[in-house]
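Here the structure is laid out as structure tokens; the discussion comes afterwards.
Labels A, B, C and D are assigned to the chains in the order they are written; within every chain, residues are numbered from 1.
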């Protein structure tokens, strides 16, 4: 496991752009065709309600294929999530997925994506947060959905995102002495090595 | 793994807490990564007072293969092979998730015949997976025979899979826009005959286990989780439905041609181990009925849509999910318009179900922990990815 | 087997310890035959460790099940490494699992054998480029048999068992013990 | 003790040792074959004809394997533990009669001897569990101690009832029946050759069989070496020859319990009289003894196969359920059995009163254990929410189209 450290070096954010050759695709280019958006009826209703109800939180509402996407400033995350769960109009009681996407350039950003679902209304949405790669830190949502526990630990392992307020942010899937953050784009793939 | 020589590098441990009884300490027991009851390489650390569990810390990652990272470096068609190896007892269901995600992104629809073939394969695989569950669950409780009976039936399903896809386990049969090739000529008759045999096999397990007095004593009232807690933890599949929440992706967000089929969703109310077991028995019976309906609907036709050989979906992001035997398996793809995904994240149902293990077990006996873990029906390939 | 490159390959394996007959100082003519007899017993009673890592474990279980039933050859699984002879490494070996695997191997009493089942255990298989996968279990412990396939069919594992039996018999005949 | 007695005793011991070794090996083969039949497999079939040499191969392999003593183990206790389990299992056989007055040592207090010796085995299990210094073996050893001590009680009480019935502590008397005197009445007991005591005392038989399974640690009472929980319990750290001795002791015990069941409840070596046309009216002592011995072995194997059959069928109990069952069900029942036989004998009722009185108690206890669920009764907690074809959307939890699933007749709905 020691050999990993020399080849990785992924926890150094300054050279992230230089090592991005391992990423197979360039970042969004204008000529690339975009997927068509077609929101289902309940999604349209949700897209209308969101800006009304969350007006104080500076959110941006968009859409991705059939889901409503809501961009939230990082410091409003917990308040927004709390309201999304407790407000009976939304009732998002089910956290389907929590993930981090590493956007390499222009200046290295992480996007934390929360996939929410409501068992009551049967509608769904994504909540997105942008974080700088230099200091990726965000409040934990384990107090709202306990199911976020392991997702956050895993993302902490793979991307080095700090979830503030998480009760037990220790390595989950990787060994404790693992060096680097293998989920990031600048962490290279192995070649054959004698281990 | 025997206790003395517990490896040093094993993650965080529970801190030793003095027992309220003067002069005693609780005993730490380490189960796994090699333990017959952990269904692979799962490890749990127990703090026990006598036989009663005071605390439990699950440790995963002993099969973390970095699939998600690898997926970012493969063509979409190559990702299917990695998905086969995620949840290695329900391979077709996994393939369906990735191909339906890419299809959703590209906005293509596979031909109706291909959809039905997919449904039949997935339902057969659901039965195969549940058969494995009954057997291993019985082994956890000390009954060895059901596993052997169920593998007899599982072997027949695998023979059918082999005739269709050429492989017993890792099929790589579903493609973006359809399936690799049409099914063999005798497929329908073979499937119908197999349905009868499977029904017989499921009934046999039901008779052998479900009503058994010891089985009932061991399972009913054990590991109870309420519906609200189950949602809070993000559980899905049979574990969620046993707690009384009727959430099944096949019904709630119908994909493929499930909305044309008539089937039932077993829902429990007690949320205990017995419900979680019995729901799977009933689900397997429903799957047999789905297969029969799907075969009746089959008509000759194409099995592959007219698309490029190498899928190049447009830029965008998509979340697609399907009902796996273990729960709601989803995949989130961020595409930048290339032949490879920019980011791919799997929503593993076993991973979420396993989180609730601590809440379910504390206060029960050591033997119950094994049973509860059995009903969560985890597959480590999917938990760790 | 018919397919080129799909044969079961024999590895170097572990050198078994001296048998009690060799330690006793009895003349070689007698011990050689006794060794062969012991080898005959050993090959007829190989007990694998109940130990599945990943996908191959399912096919390994299939091998023990009624359709293939290796109990015919006297092969039954035991849950404790102390009572087992053969370790089937069935699945991907990741770096976090490396230490436990070594430990399990060391906990097994001599003579012991290792079967690397499937391409992951042989050389990393489809995951060889991953950051967390060991490229073959032979980096950790000596392997006797490599079974190709992803996963190998139960028949392939049975073939590996039979080849291992031949190997045990041959090793005893050639006096290939320390 | 004369010289010939000593010679006979030694010859008997060695004979018994080899006979038992072969018996145990055959029993392992029989178990694997029986389980294979139950599980639709072939079982051992390559090593020797029908796999008959399989146990010998296993034994030879185990003896020549490396014998590991863990570094943290208490070495003396670790070495001694297997002997403490195996020797008592072997010693019990000294008293078991293979024929009329044929045993290694014919004892007047045979029943007492059996009870006394069989209690020692638990010490070995506890020693092994403690000395291995592994948590699993520790748990296993403690489980074994708790379980074996608890189930010893019903066994002793049932044996006492038998002693009361035959008015003797000799195993021979148990088999051949006896003339007993109660008050002024003198009565000739039927003797097991005619009516096995299993029919005279069905409750005693059931209790003895269940408690015997628990003494053996066999399914459904195999909690002390439960593979899926404590990975072999006290034996988890043992390897090679030491483990082989444990293994041997386990099968010896199975053999002992089967033999005891046969001796106490199925007439031991006594056998139905053969037709006169074959053997004539009078049989020579030798023939009778050989036939009796063969009959005894045959019956013992039948009981052993039944034990294996149960192993292939049932799941395992949990420790608290197992202890509750012993203390709240078996022990009271065994006392009831004891009182019943005493009452029947004291008031000089006919012996058929015994099954008549005990069967209702047994049935009542069985219903009580089931907590009124009834045979095959299931919890009514699962229902199926139906949804017909083409109906987009989903069933709400309390949709009217839901069908209640009844416990039994759910197949093919």
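The working rule: contacts are C-beta pairs under 8 Å (C-beta built on N, C-alpha and C of every residue); 3 or more make two chains touch, one makes a residue touch a chain.
Predicted, not measured: the structure shown is a model, and the values here were computed from it.
Q: Which two chains are joined by the greatest number of C-beta pairs in contact?
A: The largest set of C-beta contacts joins the chains B-D.
Q: Could you give the separation in Å between the centres of subunit A and subunit D, each centre being the mean of its C-alpha atoms?
A: 60
Q: List the centre-to-centre spacing of subunit B and subunit D in whole Å, with centres computed as mean CA coordinates.
A: 40
Q: State, to the nearest whole Å, the distance from the C-alpha centre of subunit A to the C-alpha centre of subunit B.
A: 25
Q: Compute the distance, rounded to whole Å, between the mean C-alpha positions of subunit A and subunit C.
A: Each chain reduced to its C-alpha mean, subunit A and subunit C end up 44 Å apart.
Q: Taking each residue of subunit B in turn, which ones touch at least two of the other chains?
A: Within subunit B, the residues that touch at least two other chains are 2, 9, 35-36, 61, 64, 66, 69-70, 73, 148, 152, 245, 252, 384.
Q: Could you list the positions in subunit C whose residues touch two or more of the other chains?
A: Counting only residues that touch two or more other chains, subunit C contributes 50, 66, 79-80, 82, 96, 107, 129-133.
Q: Two or more other chains touching the same residue: where does that happen in subunit D?
A: Each of 39-41, 227, 231, 236-237, 394 in subunit D touches at least two other chains.
Q: How do the chains pair up in terms of touching? List each pair.
A: All chain pairs meeting the touch criterion are A-B, A-C, B-C, B-D, C-D.
Q: Going by the contact rule at the top, pick out the subunit A residues touching subunit B in the complex.
A: Interface residues on the subunit A side: 22-29, 32-36, 64-67, 93-97, 99, 101-102, 113, 115, 119, 122, 124, 126, 145-150, 168, 170-177, 182-183, 187, 189.
Q: Which residues of subunit D touch subunit B once you look at their complex with the stated criterion?
A: Touch residues, subunit D against subunit B: 35, 38-41, 70-72, 133-136, 138-139, 219-220, 222-223, 226-231, 236-237, 311-321, 369-370, 373, 376-379, 381-397, 402-403, 405, 407-408, 410-413.
Q: Over in the complex, which subunit B residues touch subunit C? Could you list them?
A: Those in contact with subunit C are residues 1-2, 5, 7-9, 33-36, 40-41, 61-67, 69-70, 73, 81-82, 85, 88-89, 132, 147-148, 151-152, 154-155, 158, 168-170, 380-381, 384.
Q: Please give the residue numbers of subunit C that touch subunit B in the complex, ascending.
A: The touching residues are 49-55, 57-59, 61-62, 65-67, 79-82, 91-92, 94, 96-97, 99-100, 103-104, 107, 126-127, 129-133, 150-151, 153.
Q: Residues of subunit C touching subunit D in their complex?
A: Those residues of subunit C that touch subunit D are 17, 19-20, 37-38, 40-42, 44-45, 50, 66, 69, 71-74, 76, 78-80, 82-83, 85, 107, 109-111.
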